[in-house]
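A short worksheet on the structure shown next.
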Amino acid sequence: MVTLNTRQKFYQVIFGTQTKAGQYFDIVLIVAILCSELVLILSSVEGVATEFSHLLFVMEWLFTLLFTVEYIARLYCSPRPWAYARSFYGVIDLIAILPSYIAFLFPGSNYLLIVRLIRVMRIFRILKLARFLKDSNILLRSLLMAQRKILVFFSTVVILVTVLGALLYAIEGPDNGFTSIPASIYWAIVTITTVGYGDIVPQTNLGKTLAAFTMLLGYSILAIPTGIITAELSQEMKTQRDLVRCMNCSTSGHEDDANYCKKCGTELPEKF
Amino acid sequence: MVTLNTRQKFYQVIFGTQTKAGQYFDIVLIVAILCSELVLILSSVEGVATEFSHLLFVMEWLFTLLFTVEYIARLYCSPRPWAYARSFYGVIDLIAILPSYIAFLFPGSNYLLIVRLIRVMRIFRILKLARFLKDSNILLRSLLMAQRKILVFFSTVVILVTVLGALLYAIEGPDNGFTSIPASIYWAIVTITTVGYGDIVPQTNLGKTLAAFTMLLGYSILAIPTGIITAELSQEMKTQRDLVRCMNCSTSGHEDDANYCKKCGTELPEKF
Amino acid sequence: MVTLNTRQKFYQVIFGTQTKAGQYFDIVLIVAILCSELVLILSSVEGVATEFSHLLFVMEWLFTLLFTVEYIARLYCSPRPWAYARSFYGVIDLIAILPSYIAFLFPGSNYLLIVRLIRVMRIFRILKLARFLKDSNILLRSLLMAQRKILVFFSTVVILVTVLGALLYAIEGPDNGFTSIPASIYWAIVTITTVGYGDIVPQTNLGKTLAAFTMLLGYSILAIPTGIITAELSQEMKTQRDLVRCMNCSTSGHEDDANYCKKCGTELPEKF
Amino acid sequence: MVTLNTRQKFYQVIFGTQTKAGQYFDIVLIVAILCSELVLILSSVEGVATEFSHLLFVMEWLFTLLFTVEYIARLYCSPRPWAYARSFYGVIDLIAILPSYIAFLFPGSNYLLIVRLIRVMRIFRILKLARFLKDSNILLRSLLMAQRKILVFFSTVVILVTVLGALLYAIEGPDNGFTSIPASIYWAIVTITTVGYGDIVPQTNLGKTLAAFTMLLGYSILAIPTGIITAELSQEMKTQRDLVRCMNCSTSGHEDDANYCKKCGTELPEKF
């Protein structure tokens, strides 16, 4: 193995996920992000915000400092710091810490608190780690395989929702809550997805009949994405089982949780 | 290849989807229809309608002229213009442009704006194009195969909804919002599809018990259309995979995204 | 074939479904039941009831007379009339016609109109016919095979709903609309089935947290009945395909809509 | 078979489920628990509680005495009474009877009635029995196999719900009912699970657009748990069928309800 200098070692830990240390770093970071989000979430609750204002303030600054150190470390160990700073996650990392400092310098600008919420997006780095979990791999691959079918399905839903929304706007009109076609499309989405808030509801008989038709339609086309994903997932799981072959007798198709070959008892190669 | 005259070439582009030009024409037309719909949708929003009234007016006339030219071109190049004009899409095409002209001649008749919404139906020409996409093909074939099962399922739902609606009408009566049996059937559909607006809600204990039963029923029979479509889709996808055979060793059952035979490495024939 | 006397012929037509005439009789009866139901449904709508009262009255009596004739015919041709009269459908058939006569004799008792709704139950005779349709056969067999699994699932749902209802009653109490444990169980069913009327809604923070948990639970266990029915349906469809064998080369596993053997081209035996 | 003394025999009946007597004991106990729950549920309904107060009181004490006898019997026959008393179910068993006695000694403490609801948890002993039913076995195994996939799915849902809740809080603000981020997350869960109470509803156009996006997202990701469980269940059922082999010709893959080998007619070994 090639000996690495400090910067390269740092790089492997902070950016990489191959080493144990890198994985621990990612986990610690995720926990820190989740905790800092919790602080933000709690500081939005009126009762908590007034009672624990001091604690929340201290926590917030602790996380800001931690993320600042992390940001500087990333800049330091990155082989091309400028490229990192301009990358998507580089900008997100900066946005995650900047608002606290600006709020400190200009005390009035409390509006920046909301910008901090973007910090949430850093959690999607989890996916970088999750890619190493077999199960999320299968789920992702199934979704990617089904991608085009889901697109075809969604285009159909969008057209349906527009047509139904426009029709209901023409039938019910602004007096019954269907103030505009976009509002009616919103109603159609609320109905076809079976959410059914009940804030906009058809009043005329024709409108109710069409609404009933929309519901039954939504009810049955709900089956299509489920069918797509189930079919892809079954296929993907079958493929995965076929990939694991016994080293000794090359039997495939072992159970998902099998550790030994069902034919000859040889230990199976690890799945990845 | 036979040499085509101008009219035949036009016909191939406007009505056909086999040539590249015909496909481009369809795509341009779909975009134009979608944009003209967007103009219609936006002009239904009060704020936008008053502020951008001039722009929306110009846009609307631009699209009307475009669709008029298209309509004349279709009449010109069609081998039997009169048959086209009387066909379903011929009438829709005329309805899509007529209201604007009538509204121009008789300024008072703003009601025609709603008729223009029928223009939406022209989008279903997309399906003519979509037929060439493999994925929508599989979805459509699965739905067609499941057609009769879905019909059996829907008849059952319609009977159930009528029985439950009538029962709730008898139990709750007009005083609790169940004004008539059709209104109660509307309630039953809202409940069994799990939409649940909450505009009509049972008040008596017996009514609530029956409503709870309706919900649990809806919850479990929701599984049936999903089951039907999933089973058909899996079968269809398997069939599709079996259809693609290697030219060299005639192995079938390749992965959905495979380009080369998994046995001998020969390039696989393109799927259609 | 044995020669049948008139009574036996009548019996075969009215009770049987094997002969063409018997199937036509059933279809005519179903249409008549549906129409008479439509008359009942429409007479519950206030506007229609007052305007077309005469027409509805005549229609109602026409159907009553028709069903009376049918009832007498059934009694006449049945080998054991008394056994028929006391059977489930015999009683339903009587209930379907009696209220009209009672209402005629004692004009005040309009309440009997509701009893007539039970006439709906006669529609379930459709199932007697539907048993001959292959597709409803597959659906029914899948449901029967899944019967015990669905029972296990429903017991779990009932326990969950009771526990959650009791907890919400303890947390929210009568002041927030959770007036009793049955009312809270009603809320739990409304929530877990994702109907969500919104007539009873948790107000406290703890109640809302538990409600969110209930929703996510309902969301995921919704997957179980779907999974059960899909798995059974796939299996059933595969079995069905395996049952159809070519007479010539005995190949099985033909497509659902295949009429000729895919191996040797011989016409396949009809499925039933 | 080894001769058992009285204590051991009692132990086998009360704790065990292998013997017939043990299974009957469990069933009787489950019925008693369900009845005592019914008494508790009914005593929460105001009308019933005042009218049948005496009967409910007697029933409650009967069940309390029955469970007290059962608790003492369990302590008596258990080989390590103290270990039982401190075990999870031991504590639940005590909690199930204690409140009634405390309420008897200190008449004012009616609040203990709610604690009695924990008695419900004893029903989960059913699972101890249910483990011997093949069908719940398959359901449980499928859920266990899918465990990790469901976890990955739920983590994604939790992140999504947090992000969407925070965004809606930022967009709508406390004036439109989105009083805090937790309240907004509650809204996001209500929406993404398609429950849709309608107690909190977006008012701004941007909020409504995002809500529509949330619904469509919920609509499509609803397909994922269904897909996971269906795929696992199909696999599990196939495995189960493969496990049952004919003793004579060792053919596997028999129908779920087959009692005899489809190849040679030998009776199949019982499934467990």
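Going in written order, the chains are labelled A, B, C and D, and every chain counts its residues from 1.
We take it that a contact is a pair of C-beta atoms (placed from the backbone, for glycine too) under 8 Å apart; a residue touches a chain by one contact, two chains touch by 3 or more.
Here is each chain with its UniProt name: A, B, C, D = Ion transporter.
Here the structure is a predicted model, which is why all the values come from computation and not from measurement.
Participant: Taking shared residue numbers divided by all residue numbers at the interface, is the value for chain B and chain C over half (same) or under half (different)?
Facilitator: Counting which numbers both chains contribute, under half are shared, so the two copies meet through different residues.
Participant: Return the chain whose centre of C-alpha atoms lies at maximal distance from the corresponding centre of chain D.
Facilitator: Result for max centroid distance from chain D is chain B.
Participant: Could you let me know which interface, A-C or A-B, is made of more C-beta pairs in contact?
Facilitator: Most contacts of the two pairs: A-B.
Participant: Go ahead and note the Å separation of the Cα centroids belonging to chain A and chain B.
Facilitator: Roughly 29 Å, centre to centre.
Participant: Go ahead and note the Å separation of the Cα centroids belonging to chain A and chain C.
Facilitator: So the centre of chain A lies 42 Å away from the centre of chain C.
Participant: Counting only residues that touch at least two other chains, what does the list for chain D look like?
Facilitator: 182, 185, 194-198, 222, 226, 228, 230, 234
Participant: Note which residues of chain D are touching chain C in the complex, please.
Facilitator: 37, 40-41, 44-46, 114, 117, 120-121, 123-124, 126, 130, 133, 135-136, 138-139, 142, 150, 154, 157, 182-183, 185-186, 189-190, 193-199, 222, 225-226, 228-230, 232-234, 237, 255-257
Participant: Any idea which chain A residues touch chain B in the complex?
Facilitator: The contact residues of chain A facing chain B are 145, 148-149, 151-153, 155, 159, 162-163, 166-167, 169-170, 179-182, 185, 191, 194-198, 201, 205, 208, 211-212, 215-216, 218-220, 222-224, 226-228, 230-231, 234-235, 239.
Participant: Can you check the complex and tell me which residues of chain C touch chain A?
Facilitator: The touching residues are 194-198, 226, 230.
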